[in-house]
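Let me begin by presenting the structure, written as structure tokens, before commenting on it.
First chain written, first letter: the chains are A, B and C, and each begins at residue 1.
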Amino acid sequence: MTQRANDVGKALAALRADRPLVHNITNYVSMDVAANVLLALGASPAMVHSSEEVEAFADLSASLVVNIGTLSPDWVAAMRLAARRMCDAGKPWVLDPVGVGATAYRTGVATSLLALKPAVIRANASEIAALAGAQARGKGVDSLAASRDVLEPARALAAATGAVVVVSGEVDYVTDGTSIVAVFGGHPLMPAVTALGCSLSATMAAFAAVAAPFDAAVAAAAVFAVAGRQAGDSAQGPASFRTGFIDALWRLTPQTVAESAELTSP
Amino acid sequence: MTQRANDVGKALAALRADRPLVHNITNYVSMDVAANVLLALGASPAMVHSSEEVEAFADLSASLVVNIGTLSPDWVAAMRLAARRMCDAGKPWVLDPVGVGATAYRTGVATSLLALKPAVIRANASEIAALAGAQARGKGVDSLAASRDVLEPARALAAATGAVVVVSGEVDYVTDGTSIVAVFGGHPLMPAVTALGCSLSATMAAFAAVAAPFDAAVAAAAVFAVAGRQAGDSAQGPASFRTGFIDALWRLTPQTVAESAELTSP
Amino acid sequence: MTQRANDVGKALAALRADRPLVHNITNYVSMDVAANVLLALGASPAMVHSSEEVEAFADLSASLVVNIGTLSPDWVAAMRLAARRMCDAGKPWVLDPVGVGATAYRTGVATSLLALKPAVIRANASEIAALAGAQARGKGVDSLAASRDVLEPARALAAATGAVVVVSGEVDYVTDGTSIVAVFGGHPLMPAVTALGCSLSATMAAFAAVAAPFDAAVAAAAVFAVAGRQAGDSAQGPASFRTGFIDALWRLTPQTVAESAELTSP
């Protein structure tokens, strides 16, 4: 067991002990599965999106995830208010720029949110490339690029924004602009379940309440990779995989994840 | 089998026979699971939230649930229109004041809805305490107080509003300000599944279409407790619990629930 | 194996090969299950609803589904923009007029969308009757009429609008105003799972990206019927049915569906 894998186990133990309140401003598609993922890991999720109350709710929360999957102007205004509030309070927030690059509106919103200093940015390869201003091919919200192909744009984006950047894919890469950790594992059924990527971003927000952003991102990717492999063993298809995955997150112990996590620095 | 347990069985038989249309103005997180819970019990759920049509839809509906989990001003306006319409027509509506006490906006909305005379108010201990103006500790939308600790505020809230008040927790308490019934059962995995509390409120609305509010609240709590215990027997975690729970609601017979419900007046 | 059943197998093979981007403007209740159904079949779903970007997103998409289940004025404006864009580009879009006839608002919206030339209209018997201006009894979003009873209104609606019209029920009927194909199969648990009808409409949009509208509607109804029958064999209730159904869609092969589809022209 490496030190880094051991740290993942410690982060999970801290999450289950602290049960942090995680504020989610996220897309409609992901709300059910993301809330269930967070509960299975021991966090306390809440979905609150109105400008009337997002700042007050941010004050109660340990961390925030902003996910732009199903955008509209009212929600964008609330995202900005909540992210700014977390930023001003020195509390971490995670940006999931779903579909950035697909439309000018989406790209503008995602880019403008960067100024509010997310602690972590998690996306697929096409989205990271779009956000970094690089060339990439995306299709709607799914990626056509491989994670490995955008390591340089990811590193540059981290350096430019100060955020930890995570490129999700068959292998997940976590970089702060200098170091890179690769997280292996998971299962081919994961992209066939909607909003698991969104749920991973929410999980990074949960871990960011109990660990530094880089460690939080690695911990979230690692628990997903370990639980995904476990769930894949008995799945009959994507729906039974989803059930087994959430159950596996629930049963995951710090000891198991520390022993099973596959992490390397390429 | 007590008379009260027998009444629960009768209420379930009536629900399956009548298949009432239940109007839901509820939060985004709960819509999928609440609709599936209502269908499993035999009700006919519909989610309709626009001010343009909520009054017309309320006219078609046997009952209504208003759940403030994911608030915004447009939705609040529609909640008021629909609740007033039900109130004016003498039809029952259920209030689920999710997270009341967490922000001033949320507390203001929940409090103002009390004037529209909900037949039932269902919430966790922290929320009931907040709504009753008592001191309590909540964390976002989860409760840090025990149901038993807020029996007096619950009783006072019922007396002040004329609503049946339900405090959900490990034990559910139902009071009309005078009588109190305690409902035992359920399973420790229930709070690990998102929106089961919201689904319970929706189920109370469904039963309120075929029984008096107090009996409806007891019946809903009892079917959840019995199905929850059944589902817990074979669950591997919260996701398989959710699947087993909805399946158990579907298979539940009036006879079984009447024989299995554990109800007492403390 | 008939030619038509063989065509269903070919359409499924094309869908899995092309992985078309399907734009969904749909109700909140259906988003999770519809996205998972589309992914299980090999399509690439995206839920995008803001007027700021629906036209740009429609330009990227192979097809669109517009579902009016949870309406509000902002969404209606976006539905119109996106549908018009698809219509102008000669790309197919599917209309699911959920609950049309229940309120004047809903009826007005559904009727006005007909002018934007949907390629397919899919609904239950009550909704088809309401849209066709015929007499029918509906209850909220559930149908009280049998599919067979509205064959004539369905045929008339197809002739008047130029759309392929699908009446869903125990048997699904697909008509272009001249021909009618009946699709048999499925399972009695299907109406006990929320939003499977909505998911069927989304699936018709997916198939419309790789086949002519009539063939797409038949293919979608047939894969649902075959997977529904398979899932019903081992279901314990509606929730395990839903899991098994999505898994069955995932495992379905062109060969199996071509051999198992039951299609006739009455």
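Criterion: contacts are C-beta pairs under 8 Å (C-beta built on N, C-alpha and C of every residue); 3 or more make two chains touch, one makes a residue touch a chain.
What you see is a predicted model; the values in this text were computed from it and never measured.
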item	value
Size of the rotation, in steps of 5 degrees, that lays the CA trace of chain A over chain B	120
Equivalent interface positions on chain A and chain C, same or different at half	different
Inter-chain centre distance, chain A versus chain C - centres from mean C-alpha coordinates, in Å	32
Sites on chain A at which at least two other chains make contact	28, 32, 242-243
Touching residues (chain side chain A, partner chain B) in the complex	19, 21, 23, 28, 31-32, 35-36, 39-40, 44-50, 52-53, 56-57, 60-61, 74, 242-251
In the complex, chain C residues that touch chain B	27-29, 32-33, 69-73, 99, 102-106, 139-142, 191-195, 235-240, 242-243
